[in-house]
Amino acid sequence: MTSTATLAVGPDATDRDAVLTIRDLTVVYEVEEPVTAVEGASLTLHRGEILGLAGESGCGKTTLAYAVNRLHRPPARIASGDIVFHDRAGHDVDVLALEDADLREFRWSQLSMVFQGAMNALNPVTSIRAQLRDTLRAHRPRMTRAQVEARSVEVLERVGVDPRRLSSYPHELSGGMRQRVMIAMAMLLEPQIMIMDEPTTALDVVVQREILTEIVRLRDELDFAVVFITHDLPLLLEISDRIAVMLRGEIVELDTSQRLLREPRHPYTRKLLGSFPSLHGERGAFIRSGVDETAGPEPTTEVPA
Amino acid sequence: MTRVHVTDLVKDYTIREGLRRSRLRAVDHVSLDLTPGRTVALVGESGSGKSTIAKILTRMESPTSGTVDVRLDDGTPVQGSLYRRQVQMVFQDPYASLNPFHTIEHHVARPLRIHQRTTGAAQTHQRVLEMLERVNLSPAEQIAARRPHELSGGQRQRVAIARALAPGAQVLIADEPVSMLDVSIRLGVLNLLGRLQREDRLAVLYITHDLATARHFSDEIVVLFRGRVVERGPADAVILDPQHDYTKLLAMAAPDPERGPARVAAGAVIDRAAIDNSVCYDHFAGEWQQVGSPARSAATARSAATARRTA
Amino acid sequence: MTHLSTDNGPTVGSAADEKLAPVASSADRPRAGWRAMLPTMTPWLALGLFLVISIALFGTIGPYLVGDPGQIRDIGLTAPSGEFVLGTTQTGQDVFAQLAHATRGSLQIGLLVGLIATALSCFFGIYGAYRGGLTDEAFSLLSNVMLVIPGLPLVIVISGFVPREARGLWTIAVVLAITSWAGSARVLRAQTLSVRSRDYVAAARVAGERSWRVIVVEILPNLLPVIASQFVFAVIAAILGEAGLAFIGLGASNASTLGTMLFFAQNGFALGMGAWWWFAPPGLLIALFGMGLSLINFSIDEIINPKLKNVRAHRKRARKAIRLEREVRRADRRTAGRSEAGAQEVASR
């Protein structure tokens, strides 16, 4: 279990109220030799904040996101910890205690998620209109058809997709457009928290920039909190208010973006920062000149004799 | 040491939609040169044609028109089986480029045997171990006996590099060699490629969509947009002083925290739909050129480039 | 032979891979090379192997140990007794002896047809898909035509066409093989197309490997489980197909197979006379052999799709995870309740 003593935590830059408190969350995969995918993770998400969750493959960031949503499937189980959602209306919700109808209501209307590979999460045989409508109907069964249509149009316009695309099928849209549709779908019920798992990884850099701009703009307009999960640290440094760095299931550093960039405390954070050559600066110039600094031979001591 | 001259490469694909046929031009009059000891980065988004160029250079596809001229130092053209010995490729996906059924030894030994670099099993085995050591995979004896699924992504990519260099290749086409690897090991693999290039005086084509590594890993950058070259020049010049709208767009869109919290939407300044890809800026020649015009302009650019480089 | 998971969520694999070293502990270290191709022993596989091996032994060694199946005696239809384990036929022939010889005949046909059909499907499926272009189109067209033509009627027609004297074991085998390779060819073609587009095949070609070596050394090993499974299917289909042919009198004229036994039993009114010892054993043997082969095929399926392995173990672990999670939550709620009650007490004081 990580105590806050070993965790490099900086003081919160925002003094706004918290919308989600995760305390000491541990998720274990109950396989032959149980694997602890997330270990003692604690963090507080503030209203309207963009929190970046950085880490490489296998660090547990996606497992953490799934656990917060209660989407984790056996053999994964939450071994300990609390997840508390602080509603705008003032009351607190123990996410781990929700069951059935309450859980369904919580999901998507208070907290929604844009999945990794979201572009492939759209149903290929139904139109965009039908998919948005299904989501709305599931949560707001009393909406009339006109209201559903109006809301669908509104939400597509919000993300910068032409509402005429409602009749299109997913394969008729480009990758970037499909991603925007997924974000629109996640916004349908105006949740207070949106978790995005690598939403721009498969897109080219120009489209990625457009989508990021949309996300920041939407956050400014609608004031929801965003948990942005990715391995692309420079991206997080640009758009996040705070960043949490995960390594092997633990949050090893949690600080504001500026401080993380200027004074990274944990060696892994430094290593991660050093892995991204700077576009306009000089970091990374060693590749051409051949002076090895950060990178040496592959650690082969892991290979057992 | 081998040079590659690509002149006015064109590749068309026929798209069949029902009874209609349309032509998709994936590569449109692309010219570039690969010289020993220099890395050329081919930068562009997916669909820009960079993978097609790689396939043509490795003879997995043949061009619709244009020439790929590969010559040894003394001017002899490289053809036939010699081509396969000289020009090799490192694939993007380390999880798919190694056959799960065979050992690492098999993967490195086969090119050695095909091109008769070694005779006999003992010599082949020895050479395999040497090559694995060269790409920093040790203990080589153990790694050689393993199968791909027992290695990490970074290790697999190193095996792919060893395999590519086994025939004694002088031209290396690296198709996004690190984009599917974990972030913290990318620089290690790129360093390895850099070292091998310096040691063997390889001509390397580094295909990527990541501008930052393109800048630091390569000497020259060629920017591809919708099948056409829109800008070419020394790496630093193209990144720090982009001339073409598309390059400017790329440079602005790439995340760069050191630039300061400039969260300006690149799209607000440059309209992507209005980008003109019929002109190309050549930093070597210091001038704008028409794309799609015949080989003459490519030859002029090349001689101007040589003039500038030797100046 | 990777299988793209449609589940976008974190998998056990991704968490486990990075936590453990790149090479797993000896406990679950994946078997090397050829051993990785073999199925893991499960009760189903054990049963399947037992059935197949015992019936095969019966068919190969049996005929040497039993009496003369063709010897006609004067005793007529008799029930099983001490002397004749499975009784006698209408003409006094030893049913048990006949069974042994018939099993051998069926096995011969099954194996023969299996080999020929698999060879044909490999050629038309794999080679066609590798070459691509016109060859692929032509072979594909041929497979589809052969598939569309109804199998059994075609077999009957061809069989009936051949004069009875020439209708030997080989003829029947060839006829059955010709009408059954098409389905397999389609499956192999699909698999080859998938493997052919993999990077490692492209890498082999770029390295300069010759075409035939690419097919045999790079592509074929990854197709072996599918080929094995198709072979098993072909054998089952052959035995059943031959039995069907024989039953309607179009079987091999010179050979004795389980099908011909049923034919003679039918002709001898065994069912009507209640002579179960004549028709039940061959039918049962066909059924059991088919079942054994199918069970083996399920195990081969597990190699092709590793997710099918250890389904029961997975389910047990999933249940354990759910149970543990519930316990933790109940404990939390209890402590929360107690601390709340404690807080209230403090507050009320």
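We just call them A, B and C in the order they show up, numbering each chain from 1.
Following the convention adopted for this analysis, a contact is a pair of C-beta atoms (placed from the backbone, for glycine too) under 8 Å apart; a residue touches a chain by one contact, two chains touch by 3 or more.
Keep in mind that what you see is a predicted model, and the values were worked out from it rather than measured.
When each chain is reduced to the average of its Cα atoms, C sits farthest from chain A. Looking at contact counts per chain pair, the maximum sits at A-B. Once the centre of each chain is set as its mean CA position, chain A and chain C turn out to be 46 Å apart. Once the centre of each chain is set as its mean CA position, chain B and chain C turn out to be 46 Å apart. Per-chain CA centroids place chain A at a distance of 33 Å from chain B. Shared contact sites, meaning residues of chain C that touch two or more other chains, fall at 22-23. Within chain A, contacts with two or more other chains are made by residues 56-57, 303.
Contact of a single residue of chain B with at least two other chains is seen at positions 152, 155.
The touching residues of chain C, counted against chain A in their complex, run 8-10, 12, 14-23, 25, 27-28, 314, 317-322, 324-325, 328-329, 332-333. Residue ranges of chain B in contact with chain A, taken from their complex: 45-46, 136-139, 142-143, 152, 154-155, 158, 182-188, 190-191, 194-195, 198, 209, 211-213, 215-219, 239-240, 249-259, 261, 263, 265-267, 272. Residues 56-57, 204-206, 208-210, 213, 216, 231-235, 237-239, 257, 261, 271-272, 274-281, 284-288, 290, 292, 294-298, 300, 303, 305 of chain A are the ones touching chain B in the complex.
Interface of chain C with chain B (complex): residues 1-2, 22-23, 30, 32-33, 198-209, 218, 221-222. Residues 58-60, 81, 84-85, 88-89, 91-93, 95-103, 110-111, 114-115, 146-147, 149-152, 155, 160, 163, 166-167 of chain B touch chain C in their complex.
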